[in-house]
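Heads up, the next two complexes both have chain A, just with different partners, chain B and then chain C.
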Partner chain A sequence: MYKIKISDLPALFDKLSEKYDVFLPVDFDNGAKYKKYEKGDVLSEKLNTVKSPKDFFFPQTEDMMRFKTEGKKIDVIDIREPKDDFIVFGVTECDVKSFEVLDNVFLSEPADTYYAEKRAHGVLISRACSKPSETCFCKTYGIDPSEPSGDISTWKADGTLYLRPNTDKGEAVISVISGILTEADDDEVNKEKEKINKILDRLPLKNLTTEGFGAGKTAELFDRPEWAGLSQSCLGCGTCTFVCPTCQCYDIRDFKTNDGVIRYRCWDSCMYSEFTKMSAGQPRLTQKERFRQRFMHKLVYYPENNGGLYSCVGCGRCLQSCPISMNIVKVMKALGGKNE
Partner chain B sequence: MQKISRFDIINRLKDLLADGNVDRVLGWKKGEFRYDVTPHVFTSAQELEADFVWGDFCGANFSKYLIKETAKSDKKVAVLLKPCDTYSFNQLLTEHRFDREKVYAVGVACDGMADIFKIKKITGDGISDIKENGEDLDVYTIYDEKPVKIKKTDVLSERCLSCKSKKHAAYDELLGGDGDVLDSNRFDEVAKIEAMTEEERYAFWQGELSRCIRCNACRDVCPACTCEKCVFDNPNSGMENKSPANEFEEKLFHIIRAFHVAGRCTDCGECSRVCPQRIPLHLLNRKFIKDINAFYGEYQAGEVVGSRAPLVDFDKEDVEPKNAVGKEDK
Partner chain C sequence: MNNHEALMPLVAEIVDIRVDTPDVKTFTVLTPDGKKPFDHMPGQCAMVSAPGVGEAMFSITSSPTDTEKMEFSIKRCGGFTEYLHGVDVGQQITVRGPYGRPFPVDTEFKGKNLLFIAGGIGLAPLRSVINYCRDKKDDYGKIDIVYGSRSKDDLVDYAEILNEWCSDKNVNVHLTIDREQEGWDGHVGFVPNYVSELGFDTNRIGIICGPPIMIKFTLGNLTKLGFEKTQIYTTMELRMKCGIGKCGRCNIGSKYVCKDGPVFRFDELDELPDEY
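What follows is the complex of A and B.
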């Protein structure tokens, strides 16, 4: 365990940014967003960034390749630039766990090399959640925000930031800043963990359970009458899917240029009317089916295909952002077991 | 504190259901917390008693839902409308978007809605309850036993701070009385942006619009955006796009949208309310409203059903484009 005074954080970021691109959450007028560190940037105190850090590994829009045509000849050009190591600082544990969900999708064979390369170069520095929000429910999925993982874990306590490297990547980062860190014992961190756990017991969603969901529940849940009421006011926008750290659907499109084509991919949303449209049309005809797809995917289909792991981490972003305030918690309470 | 109580509204709605005048009610449903209210179709007195809410977080404008709702059934639906919502209601009628005969419009007096983002700026996260206490809101958090006292006027939504009307432009009956059209300051922010240099203005919008995640919430909530197939969703349009090619490409989407709703936008403010990135999109629309007022005379979309918007009502006295933009002929 190492420590540094919070007031010395600028020095830490300055030092890190000599070697790495460092991204950290900074405040804007009404929220926080990840930004590449520049001298003077201040680490946000906010719990959630509006958009999750999945962008670093699975960007909203990403050029994949170019096709250059000359007469009847087509060149396929790999347009990827070599990637340098980069640091994502201040990732909460729910977001760290979201990468497990994404890894299962993108790194299972055949691995998605675009995602894999960024994962290989990215260093995750997590932070414990000293001040969880009423919208937090990571505990529902067995996630412990007082014990963040990632390549380096950090805790804030009493004007001090504590750092603990967990991986070789983390050790390598620590070696860059070791000159400005001091060694520390675990006492303060343990106290902070205790404090956080006491707060977790006071969270309004602490009793939310996944009972009634999970692998094998498709037949039981698919035709439940509640879907109609739950989805009736859904606008069909993509807010929930785009702020979600685990939503992973994308579309691949071709953009025609003067001498060929740029193939790119961009996030897609199961809430959209054009999602997975095929020659026969969109298989989910109304918003009810699209809405159901999202929650069945998170709570039933994904766990079925991934050893029981849910593809929701309880970060609460959708609770904060949905224009009609409909969300996975309301769905779980309406359809699940023992959620009174 | 809203002028009319939840209790009074529920009682009236229950009567409407019991009389058989309507078989359902479009209203606000309570959420997990005080502030996460959901638009909902209530079908019984029991459901209303259990879940209906009226208070400082009932911002959702139901006018657009009437398109879908009236198409569902031949029975009448009761809808609750705040004064600002009634302008959207009228505008949709002007555009023949739903059948007025199938709607029973209940106007509710409104004292303005609170903005949970503004509240959280003061209290931080961890809100466990919000209680109305006269002109104050008592905000309880899990971090303190004592509530944070906030003046409601300090956390009013932006659109309510510059409320254009407490008067309902349409209703079948009113609950809580009617107010007046207000002399609002809603163009002040536009004037500030107009006063910027081109570079400043560009930087301002770049800063705001670069946060856009293209979730389409602004479009999907907008009562003026009722095309059956939006050009941006239509693969045959040649301009369907699901996400921005770069950070600032979003300006095109938002500017095109603002043009498309110009003259029809009632300034209900739903676009900015629902934006997850808190982009002040209403300012684009207000700029158009301000210009229309300046060039063609005062016009408020949705004030009167069937009114001809200046942009679709040619008149020989209309301003010449070159004069409108202040540029001479080349």
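What follows is the complex of A and C.
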């Protein structure tokens, strides 16, 4: 365990940014957003960023390749460039765990090389979540925000930032800043963990359970009449999928330029009517089917394919951003087990 | 599959275009240096693309036993297929694959009598496995093919059916068209009914592909003849973007058609929600 005074954090970020691109949550008018560190930037006190850090590994839009066409001829041009190491600082444990969910998709064979390359070069520095909000329910999924993982874990306590490297990547980062860190014991960190756990016990969603969901529940849940009412007001705007740290659906499209064609991918949403539309037909005709797909995927299909792991980390972003105040918690309460 | 570059396509050239029906053409595709783009197993698919126009999944209709070339039979029914129907020989496109789970030709089909049932363009995904099993006739029993379409002009691969399949003594071909037509002296009627009329015994494996309504009624009629769902297969199609189970749109319940399918046995489909 190492420590550094909070007042010395600018020196730490300056030092790190000599070697790495460092991204950290910074306050903007409408909330905290990840930003590339520049001298003078201050780490936000807000713990839940507006968008999740999945952007760093699975960007909202990403050029994949280029085509040169001339007459009937085509050339495929690989435009990927070697990636440098970079640091994402201040990731809460819900978001750290979202990468386990995304890794299962993108790194399973055949691996997605675009994602894999970024994962290989990205260093996650987590921070303990001392200010969970009333929309948080990470504990529902067994996530402990007081014990963050990632390549380096950090805790803020008593004007001091405590750092613990967990991986070789984390150790390598520590070695860059070891000159400005001092060794520390666990006492303050343990006190901070206790404090966090007391806050967690007071959260309104602390009793939310996944009972009634998980692998093997398709037949039981798919035709439940509640889907009609739950989805009735859904606008199909897709906001929930865009702020979600675990939503991973994407589209592949081409863009014609003066100099050939760029093939790019961008986030897509199962909430959109075009998502499954074919010239031959449409398997999900109304918003009810699309809505059901999103929650069945997170709570049943994904666990079925990934050893019981849910594709939700309880970050609560969808609770805050849905324009009609519909969300996964309401779905779990309506269709699940003991969720009165 | 070229695993580490699963989304990166190969350039291929259309070297032959055969007009099968008013809205189906069969494209023969080779790499620019004249080779078959990649190997596959019967029932697998490939992503075909014209950069700037579109990319879509098609079944590979040529048999793996054809080591010279790759063929796709494509019906004109949307923007991208409209484009393909307008190109000339020599046009380059891109292909990537193969994707998906093939027909179990080396396991469950081995040594069995096979009954192929197709409607319209539904013959295209079956042509690969039909020709594979014809070419390896010692490995399989008798082959029956029931194939129907709206009219005789809509039968895909008609020349190959007449010249090769009908003269193969290991194969029985049963053709039908929906309505009477001048110049047609064969069977008239819908495929599901024709299957019942032909009254196959259950000592065979059924493989069905066609429009959803035709599949539904054919399955029902096979069941009446005593077939179990565990001995009937089909191949599915849903919208796809990646082909490797990651873009998230071709799932039926927890199964992705692009990697867990496109070939399914009907008892497997029974376990999935009815959303296809």
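To be clear about the criterion, the second predicted complex is superposed on the first by the 338 of 340 C-alpha atoms of A that agree within 3 Å, B and C clash if a C-alpha of one lies under 4 Å from a C-alpha of the other, contacts with A are read in each partner's own complex, and residues count from 1 in each chain.
Heads up, the rule we're going with is that a residue touches a chain if its C-beta (ideal position, glycine included) is under 8 Å from a C-beta of that chain, and two chains touch if they have at least 3 such contacts.
This one's a predicted model, so the numbers in the text were calculated from it and none came from an experiment.
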item: Partner chain(s) touched by A:301 [first = chain B, second = chain C, both, neither]; value: second
item: Contacts of A:107 with chain B and chain C, given as first, second, both or neither; value: neither
item: Which of chain B and chain C A:6 touches, first, second, both or neither; value: neither
item: Partner chain in contact with A:69 - chain B first, chain C second, else both or neither; value: second
item: First (chain B), second (chain C), both or neither touched by A:222; value: second
item: First, second, both or neither for A:289, with chain B first and chain C second; value: second
item: Partner chain(s) touched by A:278 [first = chain B, second = chain C, both, neither]; value: second
item: Partner chain(s) touched by A:47 [first = chain B, second = chain C, both, neither]; value: first
item: Partner chain(s) touched by A:270 [first = chain B, second = chain C, both, neither]; value: second
item: Interface residues of chain A shared between complexes with chain B and chain C; value: 251, 268, 277
item: Contact footprint of chain C on chain A as seen in their complex; value: 64-65, 67, 69, 72-76, 78, 105-106, 108-114, 218-219, 222, 248-252, 254, 256, 260-261, 263, 268, 270, 275-281, 283-284, 289, 293, 296-297, 300-302, 304-305
item: For the chain B and chain A complex, residues of the former touching the latter; value: 31-33, 35-41, 60, 65, 117, 121, 124-128, 141-143, 211, 213-217, 219-221, 233, 235, 240, 242-246, 273-274, 276-278
item: Touch list for chain C against partner chain A, complex; value: 1, 3-11, 13, 51-55, 77-79, 81, 88, 90-94, 212, 237-239, 241-242, 244-254, 271-273, 275-276
item: Residue ranges of chain A touching chain B (in the complex, touch as defined); value: 28-31, 33, 46-47, 50-51, 60-61, 131-135, 199, 202-205, 229, 232-233, 235-239, 241-243, 251, 253, 255, 264, 266-269, 272-274, 277, 319-321, 323-327, 329-330, 333
